[in-house]
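The two complexes that follow have chain A in common; it is paired with chain B in the first and with chain C in the second.
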Partner chain A sequence: MLKYILKRVLQFIPVFLGVTIILFAMENIVPGDPIKLMAGEKKLDPQTEINLRASFHLIQTDADGNPIYDENGDTIETPMWERCALYVNGLLHGDLGISYQRKGQAVADILGAKYPYTFKLAVVAIVLEAVVGIGAGLVSAIKRYSFWDVFVTLTTSILVAMPAFWLGMLLQLFFGVYLKDWTGGAFYLPISADFSPSAVFDEGMYYILPAITLASVSTAYAARIMRSQLLEVMNQDYIRTARAKGLSGRQVIWRHALKNAMIPVVTYIGNDFGAMMAGAILTETVFNWPGVGYETYRAINQRDWPIVLGSVTVIVILVMVINLLVDISYAFLDPRIRYGAPKDEA
Partner chain B sequence: MFGKSKTVDTSQDLKNQPVPEGHHLLEVDDLKMYFHTEDGVVRAVDGVSYTLDRGETLGVVGESGSGKSVTHMTMMGLIPMPPGKIEGGSVFYRGHDLLNMPEAQMQHVRGNDIAMIFQDPMTSLNPVYKIGKQVGEGLRLHRGYSKEQALKRAVELLDAVGIPEPEKRVNEYPHQFSGGMRQRVMIAMALACDPDILIADEPTTALDVTIQAQIIELMQEMQEKNGNAIVMITHDLGVVADIADKIMVMYAGRPVEFGTADEIFYESRHPYTWGLIRSIPEQATDEKKPLTPIHGNPPALSNLPKGCVFSPRCPYATDKCRAERPERFETGTGHYAACHYAGDADFIKKNAPDTSRSRKVSVAMLDQEETKGGEA
Partner chain C sequence: MTEQKSPLQSNGAAQVDASADAKAGAVPQKSRTLWGDAWKRLRRNKLAMIGLIWIIIMVVIALSADLWVPHVLGNPTQADSSTMLANSRLAPSLEHPFGTDTLGRDVLSRVIYGARVSLAVGVLATAISTAIGLVLGALAAFYGGIWDTIIMRCADIFMAFPYTLFVIAMIAVLGNGIQNVFIAIGILGWPSIARVFRSAILTVKENDYVDAARAMGASDARIIARHIFPNSVASIVVYATMNVGGAILTESALSFLGMGVVPPDPSWGNLIEDGQKYLATQPWLMLMPGLAILTTVLAFTLLGDGLRDALDVKMKDA
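For the complex of A and B:
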């Protein structure tokens, strides 16, 4: 097992390097100069612009950080690979760089302030997904072809087909506008930076609609996987054995079928949590959620590359770690993997 | 599961009640179970009758799809209804009607009074639970054993079925066992509650030939110890030859012949039984004799031929066979055959296989005559 984990962690390195290189390449392709954007409509003083570029290592500098000029008196642009190497070097020292647009704030600090919101939203969404998805899947499998089965199948089809941001807008419209008398229009309001202690309950309320929006598609998938898995497991020989032993239908499902059927569902939900931690750009944007997704969206618009790079780096690492944890948990659910792994890996 | 042990009154178990006067341990009478599907009615079980007593072994023989397993799954209440539907007949166990028993009571019969072993030991055990838990589960359910008691008994049971190091093995998972060992586990599991009847559904089909004999022997051994009855379902007449007291031959959902093992092997009266006997490979013959197969395939149960179901494949079929469903010909000893010509002594003498006594006599006489002729 340890060997397996080590192997997986080593696999992080090429994935991570590949993502970084792709991002640097995109930075060069996407139009728009972040330094020019810093000044907005105004024109930058040429010397200030050169100094700014030098401070972000966009042009070659000497040891003291002064720009180097070529024989024509022009600055020399730092090649992409060199900036990439600089970035990775900084990263290895725990430095994610400095934001272009946010007045010299460290990217790590900016993301650090955003991540709690993304994390809390992801937790609420994943709980919702697990409870509703597994529950609905169970009901529709156990009561196959009943009204509830048809209801779940229909609803999940609609949810899968529905873009999350549109669902978010519909929810805002319904709760915030049509039910304004009841909700005070507050259901969809973004989280304000300062919560007063008396607003603890209200804070929880703000999570509901974004969490529903974020979880909608994957909840529908989770329900469908649960349904098909349980139906498949119920056809297995060991279920017949359990019934022949004298267990009741309910005991057969809870004791023998569920654990087997849950394995793929748990994997799906676990990996989905990884995806949610990546920050749901659409959901967070629609709800003005002060999380990583919204921050990344904003940073892309402003060509604030250090933030984009930083957040993607953190996302890549988080997703890889969560996927690894899910794979390890798989082994605890399924003894065949637990005991088979060392042999298969060799 | 239940936390602690609880006292369960086992004296109320059906297996601990006497068989009523004039009844057998198990009486199946004209059992009919049809599946109602989109493609029409599938007559999966069509008039099965037999009786079984304690300590006896019944062999149920037939090709795949002949209804051997479905018959017994029906008796155990393991067929989902719908699509299945009981169309007639009865099953009495110690005088109790199994077909009309409430589900809760039936659950107590399953695994406790009547236990079942299935064909494929590789898939019949739950892959995510330890062997000990699975073997002991019935005891916890039917006897109210605690977790510890059930595990302790599971160790004893595994030991009894010849699994080495049972203390260690109870904590292992099914995938850590070989096929033969898993079938031993299945037997231990089935015998955990000392059932009255053990239904073994092709217990050796999925196993290595060398393991097959061991498993059969084990089942016989356990039968001698416990006195339970065995229903051995198989497609191999050879498997039941040595161990069965009675044999029922099934074809297309119908029993075509029923009798003692002796009667089936030496006095059989149905051409299908003859076909099965002729397809057993003979050992210890010097000459290479080709096997005599039964040509063709069994009919689709949703589209049975008119008259005798075996008539399309029967080498002796007449127009009568193709038009009328044959009545059972009963010899009076309980032996019956569903063939129009089962009572025709000449027909049987002429066509029965070499093993048949009626045939043997004549062959022996011929041999003698030949020898005499040679000497003369």
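For the complex of A and C:
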């Protein structure tokens, strides 16, 4: 097992470096100079500009942080690979760098302020997904070809074909506008609303609609996987044996079939939790949710690349850790799987 | 003969049987192809046919839009300043079936022109992803070894990115505009197609006829083009059909965020973004373009499901 974990972690290193290199390459190509953007309309004093560039390692500096000049008296741009190495080095020391546009703020602090919202929303959404997705999948598999089966199949097809941000608006329209008298309009957060995060987001009510929106597509997939898995397991020999022993249909499903059918669904939901930690730009935009996704989106638009880098780095690491945990938990759920055994080394 | 053996059969039926036998004997039976069979099966799938018909309707409307939409419904992009105030955000009526927007433009005409964008993005982005995915998937599967490792690690790197963020960053790098939306969605879609094609080739490659072709001295290119591609094309067709819907959804998300099609040109995403402001008062402004997305993506999914069943493709990872 330990060997397997080590192997996975080692496999992750080239992927992680690749992601970092692509991001640095993007920063190099992306139009707009971040230092000029910092000043906005004002013209920067040349010396200040040089100092700023030096402080972000955009130009080469000596050991004391003073810019190095070439023979013509010009500054020397730091090559991409060197900045990449500097970044990874900082990362190993737990340093995500400094934001360009938020004067002197550390990227870690900016993301740290946003992650609680993303995390809480993801937890609510994943609980919803697990309960509704597994429940709906079970009902439609057990009562195959019944009204509920058709209903679940139809609903999941529609949910998957719908833009999630549009679903968010439909929910706002229905609960916030049409049912205003009943819900008190609490669900309705107009895009122009001006509110302070602390005042609004402590209210549990406000989690409901964003969580439904965030979970919609993956709940539909979870239900489909659950249905097809249970139907497949029900065809297997050991289920026939259980029936032949005289167990009731309910006992067969709960005691024998469900355990095995659950494994792929649990994996899917686990991996999805990782994906949700990336934040949800669209859900966050529709509901004005102060999460990581929207922050990163804004940073891309403002060419605040340290935030983009930091956020993608954290996301990629989180996703990989969560996926690894899910795969490890596999071994406990299913004794047939033995990681690291010579046979299964794939 | 037949009559004596089965006395229960009526004379008429027996005669039909006999004549059918005679026909089959005289005229060689029409050869059956994979695609002919698949089409027969697809035609029996009601949901898939509904999807196909809906797609055809959308394509015909989108392609013929220039001929009739401006005359019947009005100009989709330019507002008429003299009637702007009077026509602003009218409710749906006979004259304007989907109502009008703030500048008095007919929403139906804008949704129709938005269909052009969405269908073009769906098809072109999928074509780009498929082309890249096919080449890389084929290289990885056919040559294996170091090629396989490099290409599949690259696919892992692309898949490790949070998808929406990656597309947005890509658009930031390339700049706004419809052609960059094709490119960004197209480029980022290759890893899944490459994986599907790679596993399809790996399965086909094991067959004896590939060994036979090789023993007869066929070149790699010939084996790929004449033996492997035709035998794995079914899974690609199914996957690409499903992918079109995904590309349409991604485009709508980009335009919704203001990174895709630039107003005043309409696209379903920026129509929804525009309508969001009037959610409480004029909800049809965001409902109609959303329904257009929903039905079109659903149509591609239904068609894709139908094709998968008709072509008997097993989808492993998708």
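As a convention for this text, the second predicted complex is superposed on the first by the 313 of 346 C-alpha atoms of A that agree within 3 Å, B and C clash if a C-alpha of one lies under 4 Å from a C-alpha of the other, contacts with A are read in each partner's own complex, and residues count from 1 in each chain.
Going forward, contacts are C-beta pairs under 8 Å (C-beta built on N, C-alpha and C of every residue); 3 or more make two chains touch, one makes a residue touch a chain.
Small disclaimer: the values here were computed from a predicted structure and weren't measured.
**Student:** Have a look at chain B and chain C on chain A after the superposition and call it: clash or fit.
**Tutor:** Overlaying the two complexes on chain A (C-alpha atoms) leaves chain C and chain B fitting together cleanly.
**Student:** Just to be sure I read the superposition right, which of the two partners does A:S157 touch: chain B = first, chain C = second, or both, or neither?
**Tutor:** So A:S157 only meets chain C here.
**Student:** Regarding the shared-chain residue A:A223, is it in contact with chain B (first), chain C (second), both, or neither?
**Tutor:** neither
**Student:** Anyone got the angle at chain A's C-alpha centre between chain B and chain C, nearest 10 degrees?
**Tutor:** 70
**Student:** Touching A:L333 in the superposition: chain B (first), chain C (second), both, neither?
**Tutor:** first
**Student:** Have a look at where A:Q236 lands relative to chain B and chain C in the superposition and call it first, second, both or neither.
**Tutor:** Touch partner of A:Q236: chain B, not chain C.
**Student:** Based on the superposed arrangement, let me know which partner A:K245 touches: chain B (first), chain C (second), both, or neither?
**Tutor:** first
**Student:** Between chain B (first) and chain C (second), which, if any, makes contact with A:C84: first, second, both or neither?
**Tutor:** Neither partner.
**Student:** Who touches more of chain A, chain B or chain C?
**Tutor:** After superposition, C is the partner touching more of chain A.
**Student:** Taking the superposition on A as described, I'd like to know which of chain B and chain C A:A125 touches: first, second, both or neither.
**Tutor:** Neither partner.
**Student:** Determine the nearest approach in Å between the Cα atoms of chain B and those of chain C after overlaying the two structures.
**Tutor:** Closest C-alpha pair between chain B and chain C: 7 Å.
**Student:** Chain A residues touched by both chain B and chain C?
**Tutor:** No residue sits in both footprints.
**Student:** Which of the residues in chain A come into contact with chain B in the complex?
**Tutor:** 236-238, 240-248, 255-256, 259-260, 333-336, 339-340
**Student:** Spell out the residues on chain A that touch chain C in their complex, using ranges where they run on.
**Tutor:** Residues in contact with chain C: 14-16, 18-19, 22-23, 26, 29-31, 157-158, 160-163, 165-166, 169-170, 172-173, 176-177, 188, 190-192, 275, 278-279, 281-282, 285-286, 293, 296-297, 300-301, 303, 308, 311-312, 315-316, 319-320.
**Student:** Which residues, counting only chain C, touch chain A once they are in their complex?
**Tutor:** 153-154, 156-157, 160-162, 164-165, 168-170, 172-173, 175, 245, 249, 252-253, 256-257, 269, 272, 276-277, 279-280, 283, 286-287, 290, 293-295, 297-298, 301-302
**Student:** Quick check: in the complex, which residue numbers of chain B touch chain A?
**Tutor:** 1, 76, 78, 103-104, 107-112, 115-116, 118, 120, 123-129, 137-138, 141-142, 173, 175-176, 186, 189
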